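Same chain, two partners: chain A is paired with chain B first, then with chain C.
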Partner chain A sequence: MSGAQPSLVVHGAFWVFALVAVVSGWRVFRTDSMVRATFLLLASFLNVGAILLLLGGAYLGIALLFMMTVEMTVMAVFMVAFMMNPAGLNPMSMVHQPRVAAVAGWAVFAGGAAVAVWGRFPRRPLDPAADVIGALGTELMGRSMLIFETAGVALVATMIGSVVLSSRRSRFGDEAGDIGSLPPMLDSAAGTYPPGVVSEPAGAGHHGSHGDHS
Partner chain B sequence: MSGLAVWAAPLLVAVLLAGGVYAAAVIDLATGRSVAGTGLGPSALLQPFRRAALTVVQRPSATERPDVVMWLLAPALYLGLAAAGLALVPLSPTFAIADVQAGIVVWGTIESLVIVAIFLHGWSANSLQPLLAAYRFLAVGVSYLLLSMFVLIAAAIPAESLATGQIVVSQHGLWNVVRQPLGLPLFLIVALGSATWGPLNVADGTDLAGGTTAEVSGMPLLMWRAARLAMLTSFAATVFLGGWQGPWLPGPLWVAVKTLLVLVVLAAAGHRFARVPTERFVTICWVVLLPLSFVDLAVAGVGAL
Partner chain C sequence: MTLTTVLVVAAALVGLGLWGALAQQSIVMLLMGIELMINGVLLAAGGLWALAAGGDPKGQLLVVVAMAVMAVEMAIGFAIVVAVYRARQVDLTDGLDSMAG
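Then we have the complex of A and B:
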């Protein structure tokens, strides 16, 4: 891919990836399920990542694939968990504020397209033996590499620590063993459950019937 | 480094993968019999073919309004990811099928896409048990994924490279299993999770009537089972243990021997240990194993200074 004109295979691959990226991006808003929308968006991102790989951005392309995959997976869990749509199987509309979104979308597209058509791009053939990944890291972080790397790990540790400290265990942790196994209270101020739900003292054990013991 | 023709690479991966799937199936049967004390016997060599044939002649089952496309694509994606993983393994000092600069980042991508494949396999059946298994697996998968990232970065530090070939070279004289003793056990946990195997078989467990495979039969089931074995093989090969390095034998043979050895360990774990309770494993993963992977990374960092 360095210097010479890209081969016919590369051209063909570009058009396939580009087409799939656009079509799956469009389907995100036409589908009726949270989970499908999430993974269609992932498919779109994966194809953009593949185009980056075609452009010779080895690390950037793979990092995009990697990050988007994890991100979309986590997003699917959270969207389904926080929306009143058990399992993401019930049909629901995937759009809101469509008019604003359409205007913003076309504006961004016009801007990007203008840059692509009228922008002047440097033509600097790459030495195939060049350490692209090392150069990218140095370019991004320079002499602050160690600080960034240390801060990154510290940040992850902090995030996990805060989740551990703030989370309330349900079945194996503390005395309030029924958290998560009960439906929400009818009247949270009065602290009353639907009749018949709490018939035994909390923490007595066999609430949910999840049965994940082998 | 690799001077392989474009058509030869997929062929070689397919051959290696097929051999790996067969070896993994036989090893799994043999360790199972050994654990059960029923005697090994040569029939274990033919058993995988019998089972495969029996599965193929069964009729593919159907559910009410499944997501057909995803249901059919999930096993293909899973198998493809195993193939991609195997392609990254350096087979000799100068040869890996896919010798990419950012090898371990590709491996991380494969691991995360595995979670997507298994989740979609359960989700798309539109049936209760597969759906429960899919969500249960997602909780486990997102938890173990982070372990793997730190273990992989730790392996890259002494090599000063993200390329798998360089990581093998960096283990000359002192294998990572000695230099970073936490790395191997943590990575094997990720392997069991990604192949949804043994103690971490939360996606296809018998407690959920087969989990994501509860509604699958016939050819798609065979594909899925083969993909799981392929993923197990791919992980076993990626453990490296010094890769192609070793006395007397040629490089690729050492890789094969080490892969089979790791397969025996993984298969034995599958028969020896009970399935983990999902919730408890997730807690252990974040509270115990993840800090251990930090320690692994710190040890690697200090060692490199």
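Then we have the complex of A and C:
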């Protein structure tokens, strides 16, 4: 697709995808609902995947589309779990140091854009007739197999690590292991749970001790 | 769709991601910012692979490794958020001013 002269259709599609990717990436941090933010981030990823397809990376583009669809769906569940603003019905602005962040973001964009505009890169476009997927497979299973296998081992370590980190702390999985697993208080100003939500254990004052236990 | 335009779009995504990661208070939203930055990195790597490297398969390998990094980041990041919430009942970055406990 991206031979010496990409067609007008490819150019137009690129600009549409690029615009949607950037605008939805910006709206991620401007929407009130964290679930909506997740799906806006998914939109940004899908459009980048489409651009990768336009560039001729068939495997990379499709892999990104599938992977991010699943990943963002899982992320949406976490967003519901950690949403501080039920259903995004209230206006939400959970930001700190907004000026520093904006300056840093603009600076990185300006630096990257300057490199893009004034940097000197070789002009060696992809051969449209090339078998890119076969080349990737040969690379993964050939010279770069060690790198590929390292990524696989890292993913196994991630699975083990995430289970260890998020599992119950208690040795026997009894009452003490559930500390902190309670639903967040909807009325945090009151500082107490509604009656019936927490069953008070006999002689234990664990609940509500905000981190001062070891 | 030239290399310049692809890289400018990638820079915009990285800048937006950094802005979000620095400005958002919620730890999960911070992770979203990091994901957006990696999104820009993927686009830049893909653009350089297709338009400047002549389709060298090592460029595709780099993108695959970046995708694996993204998966690792999200899984471990959310596991840490869950562990922190269990220990402290905290889900804002400002609440995490020490690592004890």
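Definition applied: the second predicted complex is superposed on the first by the 115 of 214 C-alpha atoms of A that agree within 3 Å, B and C clash if a C-alpha of one lies under 4 Å from a C-alpha of the other, contacts with A are read in each partner's own complex, and residues count from 1 in each chain.
In this section, contacts are C-beta pairs under 8 Å (C-beta built on N, C-alpha and C of every residue); 3 or more make two chains touch, one makes a residue touch a chain.
Keep in mind the model is a prediction, meaning the values are calculated, not measured.
Engineer: Answer with first, second, both or neither: which of chain B and chain C does A:R36 touch in the superposed model?
Structural biologist: first
Engineer: With both complexes superposed on chain A, which partner does A:V153 reach: first (chain B), second (chain C), both or neither?
Structural biologist: A:V153 contacts chain B only, not chain C.
Engineer: Residues of chain A touched: more by chain B or chain C?
Structural biologist: Between chain B and chain C, C touches the greater number of residues in chain A.
Engineer: Identify the partner contact of A:A63: answer first if only chain B is touched, second if only chain C is, both if each is, neither if none is.
Structural biologist: A:A63: touches chain B and chain C.
Engineer: Give one of first, second, both or neither to describe whether A:V16 is in contact with chain B, with chain C, with both, or with none.
Structural biologist: It touches nothing on chain B or chain C.
Engineer: Return first, second, both or neither, reflecting whether A:V132 touches chain B, chain C, both chains, or no partner chain.
Structural biologist: Both partners, chain B and chain C.
Engineer: Pick one for A:F109: touches chain B only (first), chain C only (second), both, or neither.
Structural biologist: A:F109 contacts chain C only, not chain B.
Engineer: What is the contact status of A:M141 with respect to chain B (first) and chain C (second): first, second, both, or neither?
Structural biologist: After superposing on A, A:M141 lies clear of both chain B and chain C.
Engineer: Jot down the residues of chain A that show up as touching in both complexes, chain B in one and chain C in the other.
Structural biologist: Residues common to the chain A contacts of chain C and of chain B are 59, 63, 132, 163-164, 169, 210-211, 213-214, listed in rising order.
Engineer: Quick one: in the complex, what on chain C touches chain A?
Structural biologist: Chain C reaches chain A through residues 1, 3-29, 32-33, 35-36, 39, 42-44, 46-55, 57-58, 60-61, 63-65, 67-68, 70-72, 74-76, 78-83, 85-94, 101.
Engineer: Which chain A residues qualify as touching chain B in the complex?
Structural biologist: 35-36, 39, 42, 58-59, 62-63, 65-66, 69-70, 72-74, 76-77, 87-89, 132-133, 153, 156-157, 160, 163-164, 169-173, 210-214
Engineer: Help me check something: in the complex, which residues belonging to chain B touch chain A?
Structural biologist: Contacts found on chain B: 67, 70, 100-102, 105-106, 108-109, 112-113, 115-116, 119-120, 123, 126, 131, 135-136, 138-139, 141-142, 145-146, 162, 202, 205-207, 274-275, 277-280, 283, 286-287, 290-291, 294, 297.
Engineer: Considering the complex alone, what residue numbers of chain A touch chain C?
Structural biologist: My answer: residues 2, 6, 10-11, 14, 18, 21-22, 25-26, 28-29, 34, 37-38, 41, 44-45, 48, 51-52, 54-57, 59-60, 63-64, 67, 71, 75, 78-79, 82, 84, 94-98, 100-102, 104-113, 115-117, 119, 121-127, 130, 132, 135-136, 138-140, 144, 147-148, 151, 154-155, 158-159, 161-166, 169, 179-181, 184, 210-211, 213-214.
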